[in-house]
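In the two complexes that follow, subunit A is the common piece, with subunit B as its partner first and subunit C second.
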Partner chain A sequence: MKGMLRLASIAGGLVLWHVLAVWVIDDSVLLVSPLVVVAKGYEMLFVTADLYPHLFASWWIFFYGMILAALVGIPVGFLMALSPLVRDYIAPWMTALYTTPRIAFAPVLLLWFGIDIGSKIAIVFLGCVFPILINSFYGMRVVSREFVEVGRSFRLSGGRLFLKILLPASVPFILAGLRLAVGRGLTGVAIAEWFGATEGLGYLIFFAGQTLNMPILFVGVAVFGVLGVLGFQFLQIIEDLATPWKKELEAK
Partner chain B sequence: MQQRGLRRGLLSILGGLILWEVLTRLLLEDELLIPPPTSVARSLWKLSFAGELNRHLYATLFEFACGFSTACAVGIFLGYLMGRYRWFDELMDPWIATLYSIPVIAFVPLIIIWFGIGLFSKIVVVFKITAVAIMLNTAAGIKNIDPVWLELSRSMRLSPWETTAKIRLPAALPYIITGMRLGVGRALLGVIVAELMAANEGLGYLLREASETWDSPKLFVTVVLLAAMGMGSFGLIKKGEQRLAPWRESAEW
Partner chain C sequence: MAGPVLEIRNLTKEVPTGNQEPFVIFKNISLIVKEGEFVSIVGPSGCGKTTLLRVINGLLSPSSGQIYIDGKEQTGAGKDLVMGFVFQGASLLPWRTSVKNVLLGLEGKKNSGEAEEIARFYLSLVGLSGFEHHYPHQLSGGMQQRVNLARALAVDPRILLMDEPFAALDAQTRTFMQLELLRIWSQTKKTVIFITHMISEAILLSDRVIVFSHRPGRVRSEFAVPLARPRSLDIKSDRRFVELENVVWKQIEEEVRAAREGSPI
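Let's turn to the complex of A and B:
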C-alpha cells in the first residue's frame, strides 16, 4: 500500500506531463513529452553514444576536484579541531569563502587557472572542500572530547592516540561530509563547464538551453539527477561498510 | 575565550589584507590577476558613487526577497500538509526528492526559457530552490512533534485550528528555520547564476560584465559584495535559529 501511492504519484505525474506537453502546450521549444526525453536518452546512450564524451569529461573534473578537496579538507579540519590557534586564524576566511555564492569565484578562478581543466577542477574543489572540512572538524572535535581520556588512561602516545582512536572514530563524520560534498560537487561541475567548456554535462545543458533543444536539455538535467542519487547512495553504502558499529547501535 | 577567538580572527583578517596588499604590489606588475585591496576599495567607492552599484544590488535583493518570501509561505503550507497527511506526503515525496537531488544550476536554463530573461525567471529560481528545502524540513518538523504536546492540546480542548497555530507550527519552527538556512545559500547561488546567464541588471550581471571587460577591481568588488550578502543572510538566519531553538548547539558554519 505504501509503495502504491508513490508509484501512482510518479505515473500520474508523468501522464500529466505528457498530456501537458502534447495537447496543452504543443510547442517543442517549451516542453516535450517524457516519452521524447526517454527516446532521446536511449539514443544518446546506446545508438549515437554521444553522451559518453560529456559524461567522462564531467567525471574527471568531478573526480579530481573531489580528491583534492578531501586531501585538503580532512587535514585542515583536523588541525582546526586540535588547535584553537589554527581555528581562530582560519575561521574568518573560511566563513567568508563558505558563505559566498561559489559562482562569484568562477570568473576569478578562470582568470587564474585558464579555461582548461585547471580552473574547472578549482571550482569543483571550492564547492566540495567546505562540507568535508567542516564535518572533519566537528567529527574530530566531538571524538577528541570523548575519547582522549580513554587513550590517556591506556597511556597511548600522541601519535598512536591519533591513529588508533581519533582517526577511526572520526571516519563516519568524514564520510558524511563527503556525501554532502557530492551534491555541491555536481553543482560545481555544472558551473565550471558553463565557462569556456566544449564538452561535459554542464556544457550540454547550457548548449541545449541556448539552442532551445528541449529533449537534450531534459536528458542533461535527468543525468545530473541520476548521478546525484547514485553518488549519494554509493557513499551511504561505504559509510555503512566502514562503520558497522553504527548499525548495531541503531538495532539496539 | 570567546574574546580571544574574536581578537585572533580580526588579526587574521587584517594580517591577510596587509599581506595581500604588499604581495600584489611587490610581485605583480598589473592588477589583472589579483588587484590589491586598496584598488578594490577604490573601485567600490567609484561604483557606488556613480549609483551603478545601487541599481544592481537593489535588483538582486529584490529578486531574492520576492522569491524567498513566496517560497516560505508556499513551502511551510505544503510542508505542513506533507507532515500531517501521509497520503499527501507519499504523493509529493518522489517529485520533491527528485527536484532536490538535481543540481540547482541544471534547472536555470529551463527556467529562463519558460519565464523569460526578466525579473520573473530569477524569482522563480529562488522560489524553486528555497521552497523545496523549506518543504522538506517543515514536513520533518511536523512529523517529529512530541506526542505529549498533542495530548496536552487535547486535554486543553484546543480546536484543530488552535492546535495547529499554537502547538504544531511553533514546534516545527526550528526545523523550518533550518530549511531556510539551507535554502538561503543555494538560492543566492541560483539567482546569481540566472543573472549571469541572462539579465541586464543585478550582481550576477555585474560579475559577467566585469569579467568580460577584464576589469579585475570591479570583479573583486562584486565578489566582495556577494560575500557580504552571503555572510549577512547566513548570520541573520543563524541569529534567528539561536533565538528559536536555543537548546541546539549552534553551528558555527
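Let's turn to the complex of A and C:
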C-alpha cells in the first residue's frame, strides 16, 4: 500500500511535468518533457558515455568531503559531549560557522585550496561536518543516565564505559547525522563546481544553464537527485544492519 | 562467627541547595546485614531509600558516614565489583541480546568462553534458557527483569542491591516474580538488600524488614519476619504475616501523615 502510494505519487508528478512542458509552457528553452530528459540521460550514459567524467568528478569530491567530515565531526561531537570545557570553547565558532551560508566561504576556500579538488572537498566538508558533529554530540549527550549508571554499577572503566555504553547508544544518532549530511554534501558539490570547475555535475548544470540546454540541465539535476536518494537509502540499510534493535523499537 | 557482609555507620546524604540549609535526604543511618540475609527497606515515598541504595553502590557519595563490606571500607565507586545492582526497569542495554547484557559485568574480567558459560548459567537460573539471543524489546517486562537479575548475579557479588525491581510490572507478573525471586534466592543464598513500596512483598521475601521514616530518612524500626522458609503465597494468610503487615502499614501511615502535616494525601 505504502509502495503503491509512492509509485502513484512519482508517476503523477512526472505526468504533471510532461503536461506542463508539452501543453502549458510549450517552450523547450524553459522546460522540456521528462521523456526528453530520459532520452538525453540514456544517450549520455550508454551512447556517448560523456556523463561519466562528470559523475566521477562529483562522486570523488562528495566521497572525500563526507569521509573528512565524518572523521572530524564524530570525534569533535563526542569531545563536546564528554567535556563541558571543549563544548563551551568550540560552541561559538560552531554556531557562527554553521549559520553562515557556505557559499560565502566558497571564494575564500578557492583561494586557499586552489582551483583543483582541494577547495571543492573543503566546501563539501563544511556542509557535511555540522549535521554529523551535532548529531554525534547530541547522541552522546542524551544517552540515558540509567545506562551510564548501569555501566558505573558494573565498575566499567572510563574506556569501557565509552566503548560499551556511550558509543553503541550514539550509533543511531551518528547514522542519522550522516544521512542528513548526504543532502548537504551534494549541495556542496553543486556549489563547488560552479566556481572554476571544468567537469562535474555542478559544472554540467551550470554550463547547460548558460547555454540554455534544458535536456542536459535536467539530466544533471536528475543525477543529483538519484545520488541523494541512493546515498540516503544506503545509509538507511547500514542503519538497519547496525542497529537491529532500533527498528523494532520505532515500530512499537 | 563470620563478621557482617555489610555494615553502614552513621550514613548521611545531603544535597547542597545554594545558600540555604542543605537538603537532607537521609540521616545517620546505621545498618548491619549478615551473610545470606535478605533485608527489605520500606518507607514512605521520598524517604531516601533508593538514594541510600545508590550511595551503598557507590553511584553517589555519602556526605558523611562509612560503608564497610566484609570489614573493608568502601570509598566511592571502587574498582572491585562486590555489589550487584538490579535496577527498577528499562536498564537493559537495548543493543545487546540477553546473554550479552548478562555478560556486561564479566567482559574483560574472565575469558570469553568462561564468561559466556556463566552468563548462560544465570540466564537458565532465572528461567530464560532459550532466550539468550533475544533483544530486550523482544522480551516481556517480567522477562526483562529476569535478565536484569541474572546480570547482577553473574558477577557473583557479595551483596545484591535491588531497587524496586518489580515496581513497573503488573500485579500478576509481580506476584509471580516474587515467587521466582524466593526460588532463585534459595538457590544462590545471596545477601540481599531489597527496596520496595509494597509491604507484603517485603514480608514475603525477607528475613528482616526495615521501616524508614519520612524525609530525612532514618531507620524508624525493624522487624524480623517470623516465617519459616521455604515460603509460598500461602503465608500471606498466616496470622503472623497479616499482623506484621498491619503493624508496618500503621507505621508507614504515621510517617506519611507526619510528612504531609495534615494535608490530604
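Please note the rule applied: the second predicted complex is superposed on the first by the 221 of 252 C-alpha atoms of A that agree within 3 Å, B and C clash if a C-alpha of one lies under 4 Å from a C-alpha of the other, contacts with A are read in each partner's own complex, and residues count from 1 in each chain.
FYI, a residue touches a chain if its C-beta (ideal position, glycine included) is under 8 Å from a C-beta of that chain, and two chains touch if they have at least 3 such contacts.
Worth saying up front: this structure is predicted, and the values here are computed from it rather than measured.
Applying the stated clash criterion after superposition on subunit A shows that subunit B and subunit C can sit side by side. Legend: residue contacts after superposition of the two complexes on their common chain; A:238 is shown touching neither subunit B nor subunit C.
Of the two partner chains placed by the overlay, only subunit B lies in contact with A:220; subunit C stays clear of it. After overlaying the two complexes on the shared chain, residue contacts for A:6 are found with subunit B alone; subunit C is out of touch. If you count the residues of subunit A touched by subunit B and by subunit C, you find the higher number for B. Once chain A of one complex is fitted onto chain A of the other, the partner contacts of A:168 are limited to subunit C, with no touch recorded for subunit B.
Contact with neither subunit B nor subunit C is seen for A:39 once the two complexes are overlaid on the shared chain. In the superposed model, A:117 lies in contact with neither subunit B nor subunit C.
Superposing both complexes on chain A places the Cα centres of subunit B and subunit C at an angle of 90° as seen from the Cα centre of subunit A, in steps of 10.
In the superposed pair of complexes, A:82 makes contact with neither subunit B nor subunit C. After superposing the two complexes on their shared chain, the closest approach between C-alpha atoms of subunit B and subunit C is 13 Å. Taken together, the two complexes place no residue of subunit A in contact with both subunit B and subunit C.
Taken together, the subunit C residues at the contact with subunit A in this complex read 57-59, 77-81, 83, 85, 87, 90-91, 93-96, 104-105, 107-108, 135-138, 155.
The touching residues of subunit B, counted against subunit A in their complex, run 4-5, 8-13, 16, 32-33, 87, 90-95, 98, 101-107, 109-110, 112-114, 185, 188-189, 192-193, 196-197, 204, 207-208, 210-211, 216, 219-220, 222-223, 226-227, 229-231, 234, 252-253.
The residues of subunit A lying in touch with subunit B in their complex are 2, 5-6, 9-10, 13, 29-30, 84-85, 87-105, 107-108, 110-112, 130, 134, 183, 186-187, 189-191, 194, 202, 205-206, 208-210, 212, 217, 220-221, 224-225, 228-229, 232.
Contact residues of subunit A toward subunit C in the complex are 144, 146-147, 149-156, 160, 164-165, 168-169, 171, 243-246, 248-249, 252.
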